[in-house]
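In the two complexes below, subunit A is the common chain; its partner is subunit B in one and subunit C in the other.
Presenting the complex of A and B:
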């Protein structure tokens, strides 16, 4: 790899780290300005002023905010996310399992959704403005327009209640065989796929159609290439950067936007965990989950940027 | 070559070709317009037919019909296109795909745009050959390397490994010719293959194309608007106008004894007699030792440039692309602040940065650009466009402004009917006139004209140059005229600066600069301008003293 790419990639990564730090400040500040007092929340209304003062001292709440921030940040960097106030459990341990569940679900949804969306986009371009194109666009748009909970319940009604092909509740546990696990997540994965499909498919279509105006596409047609070959060989490689961008945005959504779907299917993932602890006002957990979501989002976007840089022949092969 | 097909008779026989397109004018019902009206032509094996005409003449449309291809919504609605003894229009899509890239190949105007930026050159060059199965990959690549060598490309063995952006424009145009020749077609359609190139590069590419056609015995349709270019390569020439045939004959007959008035107008040299003015005593604008660079000083594009412009006179800046002509304009206007040196206007030094200049300085220096259509807001009417500087610089309003707009429209020889039109409703020449009126509205002392006639047809460009000279008489405005076209320079300049790689290599009054002895570069520039003379190309190549920069 040549030096301009290395430089650009290093820049993106450095920028991403900086951004993540900024987000951590925001998250910390955001939870600080929320009304309420952690010590009060833990001990309840009947606490004596002495015990409140003791607990504050113990939790370090008397220190200035920036010291507490660095304390928190230092913990995060060493893998210590603190303890949950509501249960007293170590946050890192509880999150680990849940994060893995969420990533598992997102992974399988992506495995189905991304190739499907890109293939449908290519087909829509091939038969553009014909009935195939309109059908694909119409169905994809409809599936996106429905709220996810509606799609979720529809899937449950049809596949779980009427036909009982898949479970309505996605219970997973440690040591569950892969086959069963996949069956358990089939419905939430399908719901997620339907939600993200249209966006990726329409962006693929638009990006390729944009490239189809180019002179080199005409050159390919005048060489006698078939319409499908022109799209696959000459249009698609030049539309890859915007497609990667939208794919990564949707991947990020699969991880951080699954809250509703997880709640519907009672799936033990990050979304469920976050919702539970927001209702309990468990600030350390909300902070930790928020930071992880931000990290996922930023990482995926860095990957999209880097992929777009690497996909550009001008940068890959400088003069 | 396709076996078993009729060997007698012409290679290509187009009969009563009619081509139509549907246009969708805003606010009106779609209607069908006819682009080509019953044109017929024949082309023998191994011969070259030049198709010539101004934009909108239907040259490219006719050329592409030999491949059964209609650009955009263009449809072939009548006539026959008989290639190798069969009507290709009745063969269906599959039949067309089999002949494209095998029997007929295409060389586009801008090879830089016609190559796919994502693939290596070699993959693209042999693609059609492999697709049609006429050779194995190894054979096709060997053939391609031989063609690269024949077209005198540097490093013929390895240039195929490069990506399009790693090769210069002139070289890409030759690679594209090699791509067309690689599948050994019977016919190649050359669509303005040298128009986008500098004169000095054009001559090399033209000569490479001519040799390749001669050695491979391929037939060609050569499409161009430049009669002097087509005269070098064609056996016959067909003159087209508004989709109709004007005149068709041998090259010698067309350029020496044209029978139609329109052909005569194209052939005659449009020299404008312009009496050179002697430089005055004090220059109005002095560029003093200006050095400018892009990329934070990394790429020096102007090196120690000094020129003077006198009141009411024209300084022409000539050179090929990349010589720093337009950068000089950017440095003068403050768009690119010079690193060293200064620009003195009317006895005072102008601020380096555009943002630091007072409104009065901005008013005194106006610009006209090459692409008139992108230099205007498409949502504004002609009246608004010309009226804007009047409001901005002079605070004119209402009737006073409208009166001045009408005067300016008169000066650019466009009647009152144009005030309420939008740019999209104007022709290329009219758009450029509106841009001229807009710059004049500011009553500047200097107008910088950046390749203002390059995108226009020769006859239209001629009109624009005459207009600019007339306006100079009336308004006493000075021009800094940036161009690569030496014919234009001769018509309009009082003094000339020849630029080469960021430096002024020759500078002085027009008569002095254009009188021998020449330096090597000026000689190259002058000798590269195509002349309407059969055999000029060979003479010019032989007489050159230096290689062009594009090589």
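Presenting the complex of A and C:
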């Protein structure tokens, strides 16, 4: 059994790496096409032709693009993301903490959102087409349809301003006790949960309902299993692949798509960091962040793929 | 009656009577609430500051790209944090005068060309070293060096030599300048050990708070410096913290939720709502900041003074002040100076006059629409203001075409590049600084391309003039020239609108910059 799986998994990973390389080329090319160059951006108003030429020389901007690309790629592979031109700080060090913050928030949002979404999906299937199902779907859809900033501001208004249960701003810092940290991120995590909930919940419901039409579920029902047992033992395991897929997509969103929520709650994560540097035309940082976001997306998708393969006997034993 | 009020206010200050009760009794005695409040705050100040606790400010204007190097300060957060850990040579006091800080005495030669700064004894840096004349000289040297990219470089270029003579620093200027002490109050010129030449962003100064936390774009924290030289006047809280909150709604929510004690930049449109929140006090004060529409005097069609005059007459300042600033500001008069500057003189207010505008427009011979570029980042409400301008100009038969530019890149691509756009100025501390920064022919930031050799001569003449009455007369003539011939349309001066939460005392109104000229965290304290 093991060899085809290992082969499939290896294939996926190799494909992922190739994809990441392609993305890195795109990112690099994209930032090269942008008007003006880094030297111009650094010097700004005080640029004179001589200082521009000097700085270009110093930054190696006179070399052809492909050489600079390989130079950059080599740096990335050895963990050297370069230095930010706006502040002169090492990018890898400043990103590390931001990335950790973003992952921390995404982790806790996921811990709440994923089980909640799947449970709600299962309950919706169990009471399908009844009022429970409609209520769950309705609320989840409504919370997804509202823009994130609206949900964020609503949460702030009720829980921070009116009742002061949670802080309105989620500033976290090194050495903050876990309890305080969790309290600080409660509201942004809740906002994110509400945003991703419906997608996962609806997908769970649809996938299981799909399976529920099949003959073996009917058999299970006929042999006298309760509705809950049918879902748990027969329908859910067979519907797991699409659910994992949608869960992974939403996880990726939690990491790379939280810019708005980070801004509203003043959370020091990657999104805020990226926005600050985009406005300063800080190309090295934008490249690094773009690459990290791409890596997160691709990795999570590979994991989804592999999990789907492992969970599905038909993919596990291809003919 | 006033004896009773005095007594009551002292009881409040001592914590024996609540503020609300006090105001109630004061009303019963027939005193207006404003007067009662001012009486109360003076009593609180007289009772003396309360030491201890943590004061927090939630401020807009910080990015993850900020540095602790004072030369690179540009936005509000580094400005305010710099005032916490740094000490200046001289500072502007809230009443508009000069207050000597690290310099104990500042004197000049009769021609205002040679200046002597006597350095005060016994001021200590956070690293334990004493502030010496050498440190001050090195600081000034570093900021005069092109390489430092200092925000103060523009003025520092005017210094020819910097010499140390015992406890004195002697500055020789290239051109006489009667305003030099004002220039030295620039917030970039924080005195650092050896001028910051060893490590510019070390964050070591002689201010009331030591840098404890420095996370650019997130938060900055300070711990009271025990050996601060004016510990009785500033640095009351044990800890101070600045949290960067660039989102206006989040900032207000943080104040209401009690996470911060003060915020800056309250939007005029929500001031009336915030006022009603219990415990919150709005702190608004007029200053030199102003909102502008700028035309390049050397670019067609704006190279025609009749067209410029037509546009100046076609703007309805009063309506704009009412609708965009909700009254939190004052009328502009097309020159960048108002009563917050020393040596200001009143000039007849220009009014909205569609007929006269029509006349000048016809005389200019211009035909077709005029393109005005605008953006939300130009100033708060800039897009609305531009639309109001468009409508009032239409009534004078002038067609303004609006182009909304993206906020991202506005300051690089539009301002100081395009011939007609919306913008703002934070103002400067003296008229000379303001005119030198933006109206001299040679100024980098001459964003109206106002290039007039006769005007430049007047700037230099006023700078060298030590007789106040004569200077005032020159500044008056300069203002008239900018107003009637320049490319500046200045509809309004804005106010700083800060807000404080419950129990914040010690606030000092300061016309120079927001947050008591940046010192709010050091000057305020939390009432017990």
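One rule holds in what follows: the second predicted complex is superposed on the first by the 312 of 319 C-alpha atoms of A that agree within 3 Å, B and C clash if a C-alpha of one lies under 4 Å from a C-alpha of the other, contacts with A are read in each partner's own complex, and residues count from 1 in each chain.
In this section, contacts are C-beta pairs under 8 Å (C-beta built on N, C-alpha and C of every residue); 3 or more make two chains touch, one makes a residue touch a chain.
Fair warning: this is a prediction, and the values are worked out from it, not measured in the lab.
Student: State whether A:173 touches subunit B only (first), subunit C only (second), both chains, or neither.
Tutor: After superposing on A, A:173 lies in contact with subunit C but is clear of subunit B.
Student: Figure out whether A:156 sits in contact with subunit B (first) or subunit C (second), or with both, or with neither.
Tutor: Touch status of A:156: second partner only.
Student: A:56 in the overlay: touching subunit B, subunit C, both, or neither? Say first, second, both or neither.
Tutor: neither
Student: For A:234, is the partner it touches subunit B (first), subunit C (second), both, or none of the two (neither)?
Tutor: In the superposition, A:234 touches subunit B alone.
Student: Is A:68 touching anything from subunit B or subunit C once the two structures are fitted on A? First, second, both or neither.
Tutor: In the superposition, A:68 touches no partner, neither subunit B nor subunit C.
Student: Using the superposition described at the top, determine whether subunit B or subunit C touches more residues of subunit A.
Tutor: Touched residues of subunit A are more numerous for C.
Student: In the superposed arrangement, does A:164 touch subunit B (first), subunit C (second), both or neither?
Tutor: second
Student: Quick one: is A:126 in contact with subunit B, with subunit C, with both, or with neither? Answer first, second, both or neither.
Tutor: A:126: touches no partner chain.
Student: Figure out whether A:273 sits in contact with subunit B (first) or subunit C (second), or with both, or with neither.
Tutor: second
Student: Counting contacts the way the document defines them, which residues of subunit A are shared by the two interfaces, the one with subunit B and the one with subunit C?
Tutor: Subunit A residues touching both partners: none found.
Student: Touching residues of subunit C toward subunit A in the complex: what are they?
Tutor: It is residues 58, 63-67, 146, 149, 213, 215-219, 243-247, 249-250, 253-254, 256-260, 408-409, 412, 416, 444 of subunit C that touch subunit A.
Student: Which part of subunit A faces subunit B closely enough to touch in the complex?
Tutor: 214-216, 218-226, 233-234, 237-238, 313-314, 317, 319
Student: Touching subunit C in the complex: which residues of subunit A?
Tutor: It comes out as residues 44-46, 84, 86-88, 94, 153, 156-157, 160-161, 164, 167-169, 171, 173, 263-266, 268, 272-273, 276-282.
Student: Mind listing the subunit B positions that touch subunit A in their complex?
Tutor: Checking each residue of subunit B against subunit A gives 67, 69, 71, 96-102, 105-106, 108, 110, 113-119, 124, 127-128, 131-132, 162-163, 165-166.
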